[in-house]
Amino acid sequence: MSLIESPPLPAASVSCRNLGKSGLRVSCLGLGTWVTFGSQISDETAEDVLTVAYEHGVNLFDTAEVYAAGKRSSYVITTKIFWGGQAETERGLSRKHIIEGLRGSLERLQLGYVDIVFANRSDPNSPMEEIVRAMTYVINQGLALYWGTSRWGAAEIMEAYSMARQFNLIPPVCEQAEHHLFQREKVEMQLPELYHKIGVGSVTWSPLACGLITSKYDGRVPDTCRVTIKGYQWLKDKVQSEDGKKQQAKVMDLLPIAHQLGCTVAQLAIAWCLRSEGVSSVLLGVSSAEQLIEHLGALQVLSQLTPQTVMEIDGLLGNKPHPKK
Amino acid sequence: MSLIESPPLPAASVSCRNLGKSGLRVSCLGLGTWVTFGSQISDETAEDVLTVAYEHGVNLFDTAEVYAAGKRSSYVITTKIFWGGQAETERGLSRKHIIEGLRGSLERLQLGYVDIVFANRSDPNSPMEEIVRAMTYVINQGLALYWGTSRWGAAEIMEAYSMARQFNLIPPVCEQAEHHLFQREKVEMQLPELYHKIGVGSVTWSPLACGLITSKYDGRVPDTCRVTIKGYQWLKDKVQSEDGKKQQAKVMDLLPIAHQLGCTVAQLAIAWCLRSEGVSSVLLGVSSAEQLIEHLGALQVLSQLTPQTVMEIDGLLGNKPHPKK
Amino acid sequence: MSLIESPPLPAASVSCRNLGKSGLRVSCLGLGTWVTFGSQISDETAEDVLTVAYEHGVNLFDTAEVYAAGKRSSYVITTKIFWGGQAETERGLSRKHIIEGLRGSLERLQLGYVDIVFANRSDPNSPMEEIVRAMTYVINQGLALYWGTSRWGAAEIMEAYSMARQFNLIPPVCEQAEHHLFQREKVEMQLPELYHKIGVGSVTWSPLACGLITSKYDGRVPDTCRVTIKGYQWLKDKVQSEDGKKQQAKVMDLLPIAHQLGCTVAQLAIAWCLRSEGVSSVLLGVSSAEQLIEHLGALQVLSQLTPQTVMEIDGLLGNKPHPKK
Amino acid sequence: MSLIESPPLPAASVSCRNLGKSGLRVSCLGLGTWVTFGSQISDETAEDVLTVAYEHGVNLFDTAEVYAAGKRSSYVITTKIFWGGQAETERGLSRKHIIEGLRGSLERLQLGYVDIVFANRSDPNSPMEEIVRAMTYVINQGLALYWGTSRWGAAEIMEAYSMARQFNLIPPVCEQAEHHLFQREKVEMQLPELYHKIGVGSVTWSPLACGLITSKYDGRVPDTCRVTIKGYQWLKDKVQSEDGKKQQAKVMDLLPIAHQLGCTVAQLAIAWCLRSEGVSSVLLGVSSAEQLIEHLGALQVLSQLTPQTVMEIDGLLGNKPHPKK
């Protein structure tokens, strides 16, 4: 069994999917920026990444720096509401914080509106009616075009939908959720049901499990990796934990499959995310244009992923979620 | 049987009809500009056409150049949304494109609002709820006063109406559809039912089948005609096709009837469109003030069109649509 | 029977009533300006009239000239929508004309909003849903605070209310109707039912039947009277018609009652209007401050109008409307 | 039994509670300013008070002077609508006065919006539908984020909630009510039911019964006290009335309990208010930073208030309200 990783498949032009069952067309690979931008990479690198992304057809950005790159109507900007400040009134999903938080975001982004505003994490302290009314308000004010949830439970999303129907408000269009080879339950078991029943799609993040899924971890932590950065001790601990070591072993087991497909393990892992039912877009967190180009190659893998190969991966991972009886 | 065409009846003052069952009064002859303006005729000619139209009581314009001619409240400006740009987010009927597309139109037209915004072509990729909510949004924002559909199927229009009723949104007021002697099914069979049941009226275009219905085609293509223009090869092909030749023969058959009414075949064909049930306005596509004046004469024909004559025309055409059993 | 009219009772401070069952408090005597202002009296006189009115507690103005006199929040400005221009789109109650007509009014009045916008005359050409949606729209846009009807039939007002209920829109608060000794049916028989069932109140105009009810007509037409003005030939004809002469005879019959109450016939006629059920305000049309002061004295008569006297008047008039069986 | 009052417990950091069942987090002690600011204390003292309050975690202000102290999003500003001027249209809860009154408030406060607008006192002259529609309107216009009631009866609040549900409008989030040792019925018997059923919370004021509950009244009226101020004769009368004297005797009876808890009677009385069910915040009316610091110490008492002590206080007061059968 060869442990030599193939060179990456070249980047392909990114195709679009509808965001959930809405009419908004988003690129199936998007650019998440919560990890890499700001602290980790230089402005120059960031600009490079954005340009490469935009030129390859990426139109979904978890950031606003892109706006120099093309016409505003040609891409999709998102923002998140939850933590806005130290004060008790500056967090959570009260009407006050949803409105003030979004206005604050727009000011920072120097934008008139975002395409999607996400309610980041559910807020048990705020009644669902208040949240959905406030989201509908910001949409009716023209501050956002759609709204979605992030890290919400399936029942909470269903409650939001139900409130929207009860009070003739605007329902959410998608949920942002973590999804990768080792985190499968929610995106594979719960969200497809929401997609089919109420049209809420998935936008997934962390397709490489914060960088864990790549052949670069061979037992030791490389210097250039995110886990060496201050504030990421938790990630380092995770990587070096018993579970972390088992997961890395499984990543190694994927190498032959990747080799067979002529791609890298990262490309395989991203393509594997893209084939999940109801997934509108997979957000990438990259720290260089080279890395982005590698990840964009995942699209070429997708077309080769046969049910047979997917079953093989499921067998190796041994964590395929099953419906509860 | 004389093949000499009568000289045109003189132009008459255009009367108004309600747009569908709405309260908006539109002239029963309107000015469509999708074909002739911009590429085909000079600015001077365009201005002439607009002036003549406005002075004869035409108040429905598929263009904005008219706004110099009279008070904004005295006429009806429309615009269409569908193709807005190269990007996937710049076409179709997503909330994003409806809003951004209309704002783009208004900027180009230098207008604060249009009277009617048309959703050009239906979009199977956008859920009907999203389309009707977005149309209601732009109306509530004051960017448009009414909305309509263009080239939609009867079932789609009915679905839009149904969504408007379900969510207490604003229903469409009219459908823009092609209608002429050789294209009858939709406007004569399907739209009258919509008109009677839900008040959606018809605004029809191409009353002369892109210029096919006129006595000027006598087998050869005249130099001054649209079919000689680059980009209209499809029209030239159509004219010279087997079907095209048959249709031209039928146009020739109408000459005696036109002669009897003392009008041109074009005037007869336009009057014939105007007498269809539920038709609020017939959009004319003209390339000169003279042609417009000829077409405006159709109103004089309308009052002479007896059921007998209409039956005679139906007999000649042999394509009267019949209800399905 | 004395034919000498008493001198007028002095003007009293005008009390307020709720406009229909709304929370808006309007003075029970208001100032209508459709007749006297503009053409008939000088700007100086108009200002005098407004000042006297405002100082006596009148807060309901069918005009905007008053705005120099006090704080905007201390009075109620109304405007009417129906005839806006020559074009077909500039009249009636289409959404287009309601919005454009009101914006036009506000520009002329140099106001940001009116308190009440009236839909003047019903419009059989505009569907009721469109009218009520447009009225709700202008209220939601902040261009008006309430809306009412003018010269509508009871069934039409009920239909507007029904549409408001069906689509969760804003119902009208009042109807403006003609009401005087010789025009009783609608205000006395039909509107009280609307007031009780749906809270729509009456604002009445022409309490003196365009000046017919006053002792100044003693068979010949005085020079200073409105009937001598150009354009009022119809009024002159009416006064001198058979019916007009009978009505003037009845006015003479009221003199003894007025004399007994120590007031003028005009004061009696106005007080008589004020005591009708569901009447929120009676609009006065005056041409001088003196005339206004006389009319304001009607309030003193009101408190003396016993059921006995009202029955006596009904007996003299012989036109008390009765419920249909 | 010692009559020597303990020195006050030191001020504690104020914790937050949800306003009713809404998502808005308000400090459980707020700053009411209807009594002390403006007339009674200097601007300097007022600024001191605000600074001390804000630094101790108070975020609920019945005033706008605070806005220099921190970020707008970090606190909650409220205003009240009822009395706006002399004119009949400038008071009550008509749509006109709610809108004009709030706009007037915002101008005086130089704010774009308040967090909560209170309908001060119910208005039997304005229909509930009009009130709730107008409150929803000002919220949809962005002039306020939430609305509440003040001095309303429980049935009126329930009617407002019912109107909001019937017409899909925004329900109120809280009621402002007087609550102290001698005024218990509404806050303790009626509002908890509203809190549980419809989520409307209580914001209470006058926790010290206008200064009556404090050991400073020992039979004679101190010079520095509010009762010596012009316009407060009613309070002086109350204090010196038979009832007032009995109440002061009861306050003296609380001294031993306060002594046992190591706090002042005022601190005990405020803590006693805070432990009531459904109370989101108790508004303090202070005239100096020292007094505020004393009152903030009530939070330390709250954690020591055992059911046993509360029963003991109820026994002493003899006015615990009981459910009607």
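Some observations on this one:
As written, the chain order gives the labels A, B, C and D, with residue 1 at the start of each chain.
Please note the rule applied: contacts are C-beta pairs under 8 Å (C-beta built on N, C-alpha and C of every residue); 3 or more make two chains touch, one makes a residue touch a chain.
Listed by chain with UniProt protein names: A, B, C, D = Voltage-gated potassium channel subunit beta-3.
Given the structure is predicted, the values throughout are model-derived calculations rather than measurements.
For chain B, the chain whose average C-alpha position is most distant is D. Homomeric contact chain A/chain B: same residue numbering on both sides for under half of the interface positions.
Measuring from the averaged C-alpha position of chain A to that of chain B gives a distance of 46 Å.
Each chain gets a centre from the mean of its Cα atoms; for chain A and chain C, those two points are 65 Å apart. Multi-chain contact residues of chain D (touching two or more other chains) are listed as 140, 168. Contacting chain pairs (ordered by label): A-B, A-D, B-C, C-D. For chain B in complex with chain A, the residues that touch the partner chain are 84-90, 92-97, 99-101, 104, 123, 125-127, 130-131, 133, 137, 140-141, 167-168. Those residues of chain B whose C-beta lies close enough to touch chain C in the complex are 16, 18, 21-25, 27, 59, 70-76, 115, 140, 142, 145-146, 168, 170, 199.
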